[in-house]
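Two complexes follow with subunit A in common, the first pairing it with subunit B and the second with subunit C.
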Partner chain A sequence: MWFKNILLGISILFSALGCSGQKVDSKPTITIWHWMTDRDATFQDLAKKYETLTGVKVNFELYAPSDAYSQKIRAAAQGINLPDVFGILGEKRDFASFIKAGHILDLTSYMEANNNGWKNSFFPKALAVNEFAAGNSYGINPGTYGVPVDIMTIQMVYNKKLFTQLGLNPSRPPKTLQEFLDIGPKIQAAGMQGLVSGWGEVWMIDCLANDYAFNIMGKDKVMATIRGQVPYTDPDWVKVFSIFKQMQDSGVLAKGLVTMINKSAEQLFANEKAVFAFNGSWCVNVYKGMNPNLEYGAILPPQASDKYPMSIWGGAGSSFMVNARSKNKEEAIKFLVWLTGQDQQAYLSRATNNLPANKNCLAKIPEVLAQFARGMEYATHPNVWGVSEFSLVIEAFDRGIQSIIIGEKTPEQVADEVQKVKERELNKRRAK
Partner chain B sequence: MMNSFYYKGKKIVVNTLIHLFLISVAITCLYPLLWMIVSSLKTQDMIFKDISLIPHQFRLENYVLAWKEGGFGGNFFNSIIYTVSVVFGIVIISSMAAYAFSRLRFAGSKFLFIMFMAAMMIPIPGSFVALYVLLNKLHLRNTPIGYILCMINVGLSTSIFLLKTFFDKMPKELEDAARIDGCSKIGIWWHVALPLAKPVLAVVIVFNALAVWNEYILALIIFDNRKFMPLQVALQSFQGEFVTNYPLLMAGLTITALPIILVYLFMQKYIIKGVTQGAVVG
Partner chain C sequence: MTHKSMKLKDTLENYTFVLPAVTIFSIFYIIPFIWVFQLGLFDWDGISFSKTFVGLANFKEIFLQDKNWWQSMWNAGYITLIALTFQNILAFMLAWACDREMRMKNFYRVIFFIPPVLSEVVVGMAWRFIINDIDGANVINRTLTQMGFPHLVHNWLSDPNTALTTVAIVHCWKGFGWGFLIFLAGLQTIPRELYEAARVDGASAWQSFKKVTIPLMIPVMVLVAILTVLGTMQVFVLIVSLVGGEFAGHTSVPVLRILASMRGSSRFGYACAQGITFGLVLIIISFIQYRFSKKGQ
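Up next is the complex of A and B:
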């Protein structure tokens, strides 16, 4: 008897839990899945505003952390349960596979309507991440498949208060490498920390080194190097490696920089213990949380050469895609057009301290965010280069720079070693 | 006399070393908990500026904020329902299955048992997409019942293994006596096997309760509706891509950890008995 009762109890419990009634609503409702915890409250505010304006309800549904979100999106794609709007985290090939499977709507015609009105409102480099060019290697029809919601750039920041303490003009940060190096001895004399960054996570070294490579030899020569047409032993590359030695010798780099994780670097800069930091635009939000009174400015890395413009890594931070199978796709596009409009973008930027994807709203956001956003003019990213370096070469390159900073190797030695790895990888590829 | 001093001295030295070792292990276990509680009482900027273990100001409102902003009310209830249902389901099914594998002779029993053991080798995240598609086809996706069934399935293999190991060692004479008294197979399982397996069941309950209580990835994948999400999903809302709201996260973690610590304390004596009886060894 007891056993039957247990089974009956379980059945009742399961039946009760299994019931999920569906409400019938005459108004269209757009469902958006995202992973951006820090933007969720602002998205909800904007959704309410949009509902007041149009009567269209927008449900922003947060699924964090990003790893779990990615799994959910993949699972939902398999089950054809994707929402009206969603974002894809991952590489361009993942993006392409979703398009090929028919999950993502081609937005080109919407972008180009009204004399490219929507398209022209974005930073072109932010849109580039969501575009597929003619003859792309993924076999995707050329067009725009995503809407950037915000952007990201990686630049340098400097502490204005510490600048004043060093006898420097806080409204005139260093523009050239020499000016930057000249600050090193002053930092040493004052017993402060110089440049901090997450160079323990080596990709950030790679980022700054590539910035200088573009500045010293130009994009074409960097691309030729990746294609194997120019060796890393070329004098221009040795110059790039030498910059790190010069920085170390001048004392402008913080102690322990090569093993520093970005969270520690952010903490040092936010607590006014470091004069400079090399960080992504997300740092504005991080610093605000750690020290709301921090006074700082964002600058491009001081340029080492006049020959080519300084370059930084940047592009779309987060993008939304429209479900090609959604019955609400037209309404979803209308909402995305509204969301990426000037006022909404400025509101989103002010509330979340992220950079707006709309290039026309910089006057409406805090100066430090505008400084970061203006950097988009100089932005590039390996994802849009069309060629990619061997991972072993990148590793040898980044580890080599670490060795230069700790005085273990000379720039010439590192250039030789990187070139050897490059030749080995090229030979392997030729042998295939 | 010398020998007595030698042995006493040796005992003191050995005991001191053992205690120093145990104290250091205890500190490494307790320090993160202490840091969690202390950080839950600080402000965001104080966490990064003030590393002391006694905050200058106790911000108890972090707990209220965490509860409200994380939407803990409904999620807390969901987690309790999921944990109780899953653990109950696992205890009933795994104890019956383990008893059957241990005592009943039927065709394919060894093969079935090996299949259950093989399931232990499959990493859970590897089966998420498959589970999602299966639940979708059964129209159980985005329903608590779907999640409960998945979690019961996840916990079965290890629990069956633990219980079968115990039942294999159980004297058969006890069952014979029960049979003479007129007990059916189910009666023996209920009146003899289960009461004797209390220490192992305690291990099964705590291990599975911990697993369900701390699970969030499967819940996040299966549920679209926030009202069905467990407590751990609510915690994720304090953790951003680049910025983490540490005071609220730590307050949330403290709230989340309390029930499971209570379960452990409540069942501590059974767990120790279960472990020392070899319940968790092959």
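Up next is the complex of A and C:
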């Protein structure tokens, strides 16, 4: 009997607990997906700080490497499982596809509130990457669709100690292409390695080639080429391709550059085995981790022509987008406003050696980082051009430059091949 | 109960038993395959909810226009050829040696099986370090110099003439352990009495090998060959970690092309069509190998 009573008592207890009202947590939890391994610890610190201040819990979930993250985001978009806040890795057309599918919230009204208070806190070029202008070729309503968290520029860096060993003045790095090429034989004679970069992963080749295209023919002609009005066989484009041959012939490029991954390039430069590197401003943090005593400076790629100013890729390094379907979108926006505030941006910059997106906190950053920041003046990016080159053309372009460097093809041959791919893609578009 | 209704009951019972297996197989194999084929008929960026039906246009582009795709197939075929010959002959010879009475054979068995269980990324990075001259130990070039062949010294991974072969050799190093293990298992199933009988009949070691070992090992060889083709044609992680990617097309392989279509070009429909084409090629090759083995038997 006593056993039955105990059982009855337990059942009543469980029923009572089961029927009791659930504790309602009025504060939501914001989930953010990102791929930035180097910034994760700082993001977690900031999330804790935000929770202490507001009671809102922020979960930063890291998915690395970036390729895996990119796939995860796409899969989540298909399953409509995107988190409250996420970043997109890819080209502008991918960004546009996410917006068209209704995954990303238009932040224009939030940016423009309080006399453009939030909008004005950012570097305009950092914000531009997240904007779609009126009449854009992607068919997106004009507006701002992302929040830049930091900025980046991709430039050249040079090792000051190796410069001295080569008998060069470390405070006078090369400004023209010819000066740069003249260093090649000295590098070869000294048995050093010249320029290192992640050109095995190709997109950085595209980046440097575009820098020179802007320098040689100006933005308008580059845009006209993308629109299909100027062929890649144009003499100016052949000049761009020829620069890579000149670099290879002069000996200013490191051996094995075409199969070099960026991690190897960073190791070589940080270990003082290479005189130059072509890398993004994120490298400041990488080099600091690998060799805190490395003495180097950041410069614009040496100019090939004085007809147009040198341009470099730059703008928003990483941005966060708000899920338009999230029930926590208002809280998510409040958090992003806080995250991009002056103090948080300064903290993020100090802790990770990345350039802040908030223009009001540049005062106290290391000199090398400031050199990268000054490059913002010359920054451009395919994501702000309003038109995109066909990806198959970009592929042919990058592969072609690799072929030039290994001496397999001439600049004219590559120009011809790229133009053929371009015409084929244009015909396909016309047929649609 | 009539005979007819009993038979019907039996049939239904049998179907009920196989239903779970058929359901699981359909959900995880048949339906995804059909779905991928269906996606191959669309122009789709992988993000939008809308897709444009293009019929067989993606397949037409693959077969008639995409030279990069067929170059990647050729490259994968080249690596596979090296794996089928060099890797499998090495695996067979080592398995044969370990099957015989020799000292420390268990130690060798363990050693030979270490490379296959290592991650491809680790193997790629390690060999990159071993091979490369400026960011590595430059072991091969140093050895060549010490052996009196300084004229052969060069950057193995960045030379278009040697990059693919270097990748293939590293792939063989990583993969021969699987073949070794299967060959060894196969050799151990051959009754020892057959060798003894052959010896009594006056057969030499070579004749025993030719007349006893080889014929009895043919089914195992076919199995290893099919597994080698399927595994090697799909190689890509090793290539990414060794040379960073497609290296102006010289180290391009089908899986890298599919990835480029999906990730680089955002052409999911086209990537699915490439996947289907690739799958069909592998099925045809495996079928041909199987038919040949049947004929041989």
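Note that the second predicted complex is superposed on the first by the 261 of 432 C-alpha atoms of A that agree within 3 Å, B and C clash if a C-alpha of one lies under 4 Å from a C-alpha of the other, contacts with A are read in each partner's own complex, and residues count from 1 in each chain.
Quick note on the criterion: a residue touches a chain if its C-beta (ideal position, glycine included) is under 8 Å from a C-beta of that chain, and two chains touch if they have at least 3 such contacts.
Since the structure is predicted, the reported quantities are computational estimates derived from the model, not experimental observations.
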{"item": "First (subunit B), second (subunit C), both or neither touched by A:63", "value": "first"}
{"item": "Touched partner set for A:285, first subunit B, second subunit C, both or neither", "value": "first"}
{"item": "Which of subunit B and subunit C A:267 touches, first, second, both or neither", "value": "both"}
{"item": "Which of subunit B and subunit C A:40 touches, first, second, both or neither", "value": "first"}
{"item": "First (subunit B), second (subunit C), both or neither touched by A:408", "value": "second"}
{"item": "Subunit B versus subunit C as contact partner of A:94, first or second or both or neither", "value": "second"}
{"item": "Partner chain in contact with A:72 - subunit B first, subunit C second, else both or neither", "value": "first"}
{"item": "Partner chain in contact with A:106 - subunit B first, subunit C second, else both or neither", "value": "neither"}
{"item": "Contacts of A:81 with subunit B and subunit C, given as first, second, both or neither", "value": "first"}
{"item": "On subunit A, positions contacted by subunit B and by subunit C", "value": "67, 71, 74, 78, 267"}
{"item": "Subunit B-facing residues of subunit A, complex", "value": "2-3, 6, 10, 13-14, 17-20, 35-38, 40, 61-69, 71-72, 74-76, 78-79, 81, 83, 267, 270-271, 280, 282-283, 285-286, 289-292"}
{"item": "Residues on subunit B engaged by subunit A in the complex (per definition of touch)", "value": "44-45, 48-49, 81, 85, 88-89, 92, 125, 128-129, 132-133, 136, 140-146, 148, 186, 190, 216-217, 220-221, 224-226, 236-243, 245"}
{"item": "Residues on subunit A engaged by subunit C in the complex (per definition of touch)", "value": "67, 70-71, 74, 77-78, 90-91, 93-94, 97-98, 100-101, 103, 193, 198-202, 254-261, 264, 267-268, 273, 391-392, 394-395, 399-400, 402-403, 406, 408, 424"}
{"item": "Complex contacts: residues of subunit C adjacent to subunit A", "value": "45-49, 65, 68, 128, 132-135, 155, 157-160, 163, 242-249, 260, 263-267"}
